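What follows is a pair of complexes built around chain A, which joins chain B in one and chain C in the other.
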Partner chain A sequence: MSNVDFLLPLLVAVPMLLSTVPIVLGLRFDRTGWSVAALTTTALVAATTALANAVYATGPVSHKLGGWNPAYGIELVLDEFSALIAVLVAVTAAGVLAYTRVGGPRGNTFYSGYLLLTGGLLGISVTGDVFNLFVFLEIVGLATYAMIASGDGPESAVAALKYLILGTVGASMYLIGVGLIFMATGTLNMGVLAEVLPAAVERDPTLVRAGFAFIFVGFSMKVAQWPLHTWQPDAYQHAPDGVTPVIAAVVSTAYAYAFGRLLYSVFGPEFLTSTPYLTELVVTVGCVSVVAGSVLAVIQTDVKRMFAFSSVSQFGLIVAAYGLVTESAFVGATIHLVGHAVIKAGLFAAAGVIAISYDARTVDEYAGLADEHPLVAGMMALLLISLIGIPPSAGFVGKWYIALGAVEAQLWPVAIVVLFSTLMTLAYSARLLEKMYFTPATPLEAPHAPESVATDGGEDGGDTETAAGADAANDGAAGTRGGTETAALDAITANGDRNTVSYGMLALVVAAALLAISLGFAGGFLAGLLDPSFITEVFN
Partner chain B sequence: MIELELEILASHYAYSLLFVLLGIGLYMMIANENLVKKLIGVNLFQSAIFLFFIAMAYVDGRAPIIEGKSHSVGEIASPLPQVIVLTAIVVGIALTAVGLALIIRIYAEYGTLREDTLREVRADE
Partner chain C sequence: MPESILPLAAVLTSAVAVVLIVASYRRPNIREGWSVLAALTQFGIVLSMLPGVLDGTVYEWSLQRSLGVEFLAGIDFVLRADLLGLLFALLASFLWIFTSFYATGYMRGLDEHDQTRFFAAFAASLSSAVGIAFAGNLVTIFVFYELLSLVTYPLVAHDGDREARIAGRKYIAYTFFGGGVILLAGTVMVYWLTSQTGTATTAFESGGIGALAEGAATDPTAAQITFYLLITGFAVKAAVMPLHSWLADAMVAPTPVSGLLHAVAVVKSGAFGIARVILEVYGPETIRDLPLSVPGIGEVGLNVPLAILAAFTLTTASIIALRKDHLKRRLAYSTTAQLSYIVLGLSMLHPYAILGALFHIPAHAFAKLTLFFCAGSIHVETHTDYINDMAGIGKRMPLTMSAFTVGAAGMAGMPLIAGFVSKFYMLLGAGYVGGEYWLFAAALLLSGVLNIAYFWPVVYTAFFESEDRHDAKPLLEFPAGGIRQFAGDELATDGGKRDEETELNSDDDSGAGVDSEADYEYAVDRYPSDADVPGGPGGSPAEGDANSSVKTGPETAGTGHDHGHAVAHDDQHHGGPPAGGWTRHSPLTESTWLMLGPIVVIATGAVVLGVIPGHAAFLDLATEIVTSVFDANSLEQLRGPLSAALEVSTQ
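Let's turn to the complex of A and B:
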């Protein structure tokens, strides 16, 4: 214990309070939102890092809000598991801002929503109270719906409404589960719950099991497990390009973290293994999602939609790992949570960059990308390789531990599903890689740019700009061979405001790709962070 | 047997009402084509949960006002579920507001509130 615990409530309170600042300043100044968000998220990165340092040096940090007894009041806790997620959330939130500076949705209200989202996500990672978790789930949900709807097209509002209805049902299911658990135990604090639940299970097993069932269904919806995933592809596809990286990277990850926290810290491995058919159900739901998500991803034509289905399958892997209830599987799930978040943030950011600079949104339109934009194509290839799980990359370490856990638990079908998911990931990644590197651009590219200029020349401002952007990109690429990327960049930057690729966007993609690879080498280190104290405490 | 069931129904009628309301809300969300009615279904679904929390905290006795002396368990209603319901109501209102805002935008863009018409309009585009 050290004196950093005062930072815990600030992690949640500061972004939420500051989320009002862009609106207030917006009355006088036009573009202050980004600066406020950047300052706040940078401070949050510093705060979470300081807290994580303290956690890994001296053990969990906790703070009782208002000094209330944790049995009645709300306690904030940061331990070895949640510290990882808190740092991930803060770093992603700060990193994605590099993209939205030029490319993302603008306006001060957007950044208000962004800060609200960040505060909610940090709240999910630090809260030690099951009802408080529900409130943060809903705060994150609300901010996410608003941010998805900030897209330009009308489709985004439909996608957001669909997500709102399904997301609310999911959170409400969780709330019913909390109610049943509260009936059985009379407390909402996670730490106290873990102590009194075994006695409650003995008294009235049906009540606790019913509570678990509601919580499981609620989280299956929130984490997007097949067949409750239907909101996710629409939401990811129609959200603005600058929003998808943060939603895909940390929102689902925070939900999955919360589910893991409830499974292991509240219900505990003993309850999971002693309840008949419970682990089998969780593992089955996860495995079915892996298979269904990968198969659906293979048949998609839209790249963002394909990545969305890929998320369904990757989170299926994590849920299945939770259901295995072995130490290796749990470590694998945690590493895969972090690794997948980094990879997906990079992939969606890269998809956004490509949509702007190359005007490509479907798999077929990616043809010839590597010649035009070698840097983005290269980074995307690296990220796809990490997603497949080719060593040494973040995807490999997570899947390795999960497969190891499946073998330890003697559940061979799960090990086979992990292997199968790798093959299916290869199938849809290879489609993109093949288009980018081996299909020439000519049949699609040649008629593309001139035609759109010729047809809707004077009518539509937005379209002309897009075409002009693509034109400029072509010019740049045709020019110098060595500095293709920068030449194209300069050409576009000089060209106008909306359709530009900034260095910040490229930096985000490059940073995500490099992080995805280096996390592969750091896999053992990540496992070491969890291993000594947290794992022993949970599993013994 | 029937007497026992009737007794359970008489003492636990709030819980049966909860599941009836949950079912109606869920059915409205799934089956109703009108987007506003879908949102009303979500609200009904949430109200059922509020009712559940209040029913669970009910005891024959006094309101949770503690005047310094200690009370035995079961004498006074637990204030925690009521606080929870208050918070959940606030969350529900925020959700309804966001949902209605989205519906207004959908109506402005597509000129319809019905999901089947919306599907046709989107398929045409």
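Let's turn to the complex of A and C:
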């Protein structure tokens, strides 16, 4: 065992402690939040990479908090499965900062929340204790509520409240489940639980099954599976543009990871397959979400909302893959977790860039985008193509393994849903592609030409005010298009550079798109990370 | 098996060209120069492998061995130039050279928009097509198959009007259903089936994957389903009925696209995929050993349903083509029929039939590309799309229409043109098998007759009729079963139920009322979908809008009505002969040489393939493929019934 395990508690503690720094410094300086967050997340990227290296070279790294025996104390573990997620969280957290530097919410308090969120997410990835997991779920939840609520306008507050209520219900369900499991076994450590659960199942199957049921429902809510997904579209749509990429990319991913961890490391494949109707239920929930999410995505008009429903559908694939209980399906679920996170981060960042520069938020407003913003449109097209799963791309690799898993399990209906999910994803993606590339822009978009916004600059106070007034009047006349209020609000506050697209934002979008494509060639590599060590340990 | 970068280089040549084309978007001459240069380079690379491949060398490039990257666990990303792959790659890259000249002339002649996107997507399509040709396993072919669907979508939706967008939607829905769903399912199943009995693999092997044959023996039902999944996945692009209807709609694309992609590269990739499945995934022997038991009939070969479907398609599509007035649509249905020749030949399993089918890939390509180039040339020069307007056009475009005649003869399988050779071998194959296979031979012969029936009117009206005096085309201008004039009048007089439509129709008639044929009901009027196919001035966005505004309903009737009238009026005049009739042109001045040159070269190619097929590489390749699949030393060994031919392979 290498001596990198001291990094594990730091992964969680450092961002959480540092999250107070922006507030303290904020008493004296105006804009320190971003720098603190940037430094912290960069350090976290380095730390997680070092840890992941150690994990893939020599095997899992673990750390006993306070030196307590795992049976009673809290253990932090990083193994082949969680190392991927930890690196993903750290990299995404650092990457999205490139967007928020210019575009996102910029208050010091925002970055406090951001660091808290990062710490919580890393906590979910590394914890080896089921109750500790609940704590981190709550930390992540609270940070997310705050960040969603920091959006402009009343809808954000409502969306945050809705998420608050449903998210807390989900977490409470999980807690009840943990309580029941604790009753049955007397331990909370995942590793120990895995050993003692089979005996507990024999002693009192109902108790364990009830515990599982609560955990499953709790996570269905957290991962946003149909019909418990209703918080998600609102949350994604109304969160500030700079926040959505993080939430969409890693928050749901971390939840789904935690669910997978519980299924495979705590309950174990044997419990899953031997309990009647269990896998059928999990698979059904997943498949229904795939279909319902896609159908709902197709009928949306708001682009961010459409992507949110797309997440419901994509996480449906992952949950279905969990339920298949085959090695290929599990590998597929893991790869799809990572791939989907990269793709969605890029898509939401691109949607944010487009909203800033083009003031387009609905699918119809995307008409003619390719001519105005060839780079962003091109990258968005690449990301959508990856999402559909056209090879070589991240989306294809995940789907290949999941489909293979479904065939190996000989669950033909699941295989059919997984394969047809391509067409369903195509339905909403192609709608956007067609709008961007083959639909000429209508004159309606003209009042919001980027130039007129850029002249708002903010150099000359008087001018700006009149211009903003005129803009606002135009907006009023233009009618009730989505985003009009926010645009008017921006104009009135005359916050000029809020409406400029920075190189950081473009870099984030481009990086996500290129990563999504190049992950398409990493199918063997990613499977190799999991395959010999983790998979055999879990499945045999 | 030598490690070679050549297959990868052939694929990357046009992929690099995409970047260069986009980069030089400000300078059209340089941009088109890249296209030509890439086409020549690609053809050169492919050609350089020909001697080696004919001697039995296989050039292979593998992602894992060269870069150490594993594409998917247990599956390598392999490009290998073998006999079958080279046949397709040679064809596509050779024809691309001339198509890039032609496309330049066509796009500039019509002053099209978004030419950079067009040429970039075109080069990308060629890259994917060559990738399909050289793919060494099912996963690799799937990658390129999907990419091909993706990059041809911008070409289909190129016009950007409503019609084109709808055609584009249909196109991607069909192709991704075939590729992303069905073909992927088949590929996963093959991987799973082979993993049952040994190492999981999807790599092609001449004569069939050994592990798959074993897997098929243990689980015949799954193997049969897998076979049909793979075949269906490829059949979508090969436009086998009932999955054919995207092809006719895709004709809204600019003609070079319809020509090279929707008569050669894209649709042939489907036929080529079927060839791979039959010859190198399953192998004729495994297919024969997996009979379906059909209740009431007994056991039939796995290939027979496919052959029946192909025979049905080639007959039905020919009949539909008879009634298409829009020239490109008629050609599209002809393509549907001809592709099924290939599928039929392959699915008869007999070596001679397979030989004919494989040779039909280039034979049809040359002839059909000629026909499409002619149609495009007519469109650019005279804006005529409908056969009805083409009376006497032979005066205006003598060389083009002569080339058209050559291509049409090739389609019909006239001796001395390429199509004859392939059909000859297919008939031989059907004859050797005998029995019920005579029905397939009969379908082939019948389709030849139908080919003449729908191509001859075009040639006849072009050369032997004049614009002011021409006969009505019986199959186009009269409703099936004769004119119901009285019934028609009565219906018109009791008006009021569907007044919107009636009004427009009567207006159309009065617009056309200057000539004496106003009483006839044109095929165009009867089938608005047929007439709505844009492709030039008729497809300009403005007109599309006007049309749609007519259709929006009563509230816009006032304004829409006028538009509709104007458009209907336009339609009468923008196609067809100018006011004073066609002006007589010499072959040298009828069009730009950018378009005439390719037409002449490709038509000559079709004749060369028909007169001296043995000296034009393609027949050699096809023969080698067949002998290697059946493990024979020469073609002569394979004469006789199918079982005897298969015996040769087991010796």
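Convention: the second predicted complex is superposed on the first by the 487 of 540 C-alpha atoms of A that agree within 3 Å, B and C clash if a C-alpha of one lies under 4 Å from a C-alpha of the other, contacts with A are read in each partner's own complex, and residues count from 1 in each chain.
To be clear about the criterion, contacts are C-beta pairs under 8 Å (C-beta built on N, C-alpha and C of every residue); 3 or more make two chains touch, one makes a residue touch a chain.
Everything numeric in this text was worked out from a predicted model, so none of it was measured.
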Contacts of A:Pro440 with chain B and chain C, given as first, second, both or neither: second
Partner chain(s) touched by A:Leu404 [first = chain B, second = chain C, both, neither]: second
Touched partner set for A:Gly186, first chain B, second chain C, both or neither: first
Touching partner for A:Ile388 - first (chain B), second (chain C), both, neither: second
Partner chain(s) touched by A:Thr168 [first = chain B, second = chain C, both, neither]: first
Which superposed partner A:Leu419 touches (first chain B, second chain C, both, neither): second
Contacts of A:Glu138 with chain B and chain C, given as first, second, both or neither: first
First (chain B), second (chain C), both or neither touched by A:Ala157: first
Per-residue touch tally on chain A - higher for chain B or for chain C: C
On chain A, the residue positions that both chain B and chain C contact, one per complex: none
Interfacial residue positions of chain B with respect to chain A in the complex: 26, 29, 35, 38-39, 42, 45-46, 49, 52-53, 56, 78, 80-81, 84, 87-88, 91, 94-95, 98-99, 101-103, 105-106, 109-110, 118, 122
Chain A residues within the chain C interface of the complex: 331, 385, 388-392, 397, 399-401, 403-404, 407-408, 415, 419-420, 422-423, 426, 430, 434, 437-440, 521-525, 527-528, 531
In the complex with chain B, residue positions of chain A that touch it: 72, 131, 134-135, 138, 141-142, 145-146, 149, 154-155, 157-158, 160-161, 164-165, 168-169, 172, 175-176, 179, 182-183, 186, 188
List of chain C residues in touch with chain A within their complex: 63-64, 69-75, 77, 142-143, 146-147, 149-150, 154, 157, 160, 164-165, 168-169, 172-173, 176-177, 180-182, 184-185, 188-189, 191-192, 541
